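Note that the chains are named A, B and C in the order they appear, and that numbering of residues resets to 1 at the start of each chain.
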Amino acid sequence: MKIETFNFSVRTAKREEFIDITDEVLEFVKKSSIDTGWVKIFVPHTTAAITINENADVDVQRDIIKILSTLIPKAHYAHAEGNSDAHAKSTIIGCQLDILIENKVVMLGQWQGIYLCEFDGPRTRRVDLMIVGNA
Amino acid sequence: MKIETFNFSVRTAKREEFIDITDEVLEFVKKSSIDTGWVKIFVPHTTAAITINENADVDVQRDIIKILSTLIPKAHYAHAEGNSDAHAKSTIIGCQLDILIENKVVMLGQWQGIYLCEFDGPRTRRVDLMIVGNA
Amino acid sequence: MKIETFNFSVRTAKREEFIDITDEVLEFVKKSSIDTGWVKIFVPHTTAAITINENADVDVQRDIIKILSTLIPKAHYAHAEGNSDAHAKSTIIGCQLDILIENKVVMLGQWQGIYLCEFDGPRTRRVDLMIVGNA
């Protein structure tokens, strides 16, 4: 089993937005020596998240942000920083996921892209990647 | 480390339903040569998801669908296809997860079953499995 | 590739609370022989979950519990046990996740802690850990 690691930073521009990081992940897999295995993605933040969703119409990402913000508005909770809505969204979406690789192909579906979810930006966010498998 | 892959299709019958795929996963693990490791499940769709929840009373799955539909009704959002509710549910539940295997036993809890979550059916959905570990 | 397993129990005290299990996970990684890889965490329950969120201000965890309870109140649904809210929260948060390990360092962010989420306590909950990687 081979393990290769990589990380990169993303600068977000708004309080809430989804940033497409599919190309960064695909490039890392392409450069690696792994033929079959999986790539692990981890976001080391508590007001951001990682998800997979539609890559074709940017309105889908905007709608998801709007749906989440309607459910969990920025409001006054106990936490003094005032960003508990962002913490809740991070826990609901999650900060890590894996994507399968078979014969050098990242097994995303036709409409799937990979998105860093910013819920309390603008900030600089880090994305940790680990690719694992057989060469 | 050994890696084995498999995939199968599921035909859903309703717009929203949970399909029990526990048997398919257990069978794949049983046929494999892996003794200790884990099975990875990935759904390559953006309006479906994968979850683990109660296997005893089908009302639990119906209640979860009802709770999600009450929170996120099918409504008019920016995305022209009109299924942004399904995309949001897919991102909230997630499209992938892993289950541990120890000494040929899939380490699900007593009440845990594995469910494909359909949020925009009826459709044909694909489930990708990868089993990894030591023989 | 080396695989090591461990499990421990947590006794919860309230119907809904987050229990910090970061130390238990870090200790297991420290005792293991793995240098680079990841630790898998799995909760074999259908009314509990596992998440990563802020480790500094306990108000964040309380706010997340409050946000979830406001969205999904304990109410009468079809499931006769009356705890469908807890099942829904379990499916929304998820019962498993992985954390990366590089050179013996668990790659959590500065503000990230690991929490068992109890949604239908008090109960005794089990946490399964599997550490995987190269020694």
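We take it that contacts are C-beta pairs under 8 Å (C-beta built on N, C-alpha and C of every residue); 3 or more make two chains touch, one makes a residue touch a chain.
Keep in mind that what you see is a predicted model, and the values were worked out from it rather than measured.
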{"item": "Between chain A and its twin chain B, rotation from the CA superposition, multiple of 5 degrees", "value": "120"}
{"item": "Proportion of interface numbers common to chain A and chain C (over half same, under half different)", "value": "different"}
{"item": "Mean-CA-position distance for chain C and chain A (Å)", "value": "20"}
{"item": "For chain C, residues that touch 2 or more chains besides their own", "value": "1, 71, 92, 94, 98"}
{"item": "List of chain B residues in touch with chain C within their complex", "value": "1, 36-38, 51-54, 57, 59-60, 62-64, 66-68, 71, 92-94, 97-100, 102, 107-112, 133-134"}
{"item": "Residues of chain A that touch chain C when the two form their complex", "value": "1, 3, 5, 40, 42-46, 71-72, 77-81, 84-85, 87-88, 90-92, 94-96, 98, 126, 128, 130"}
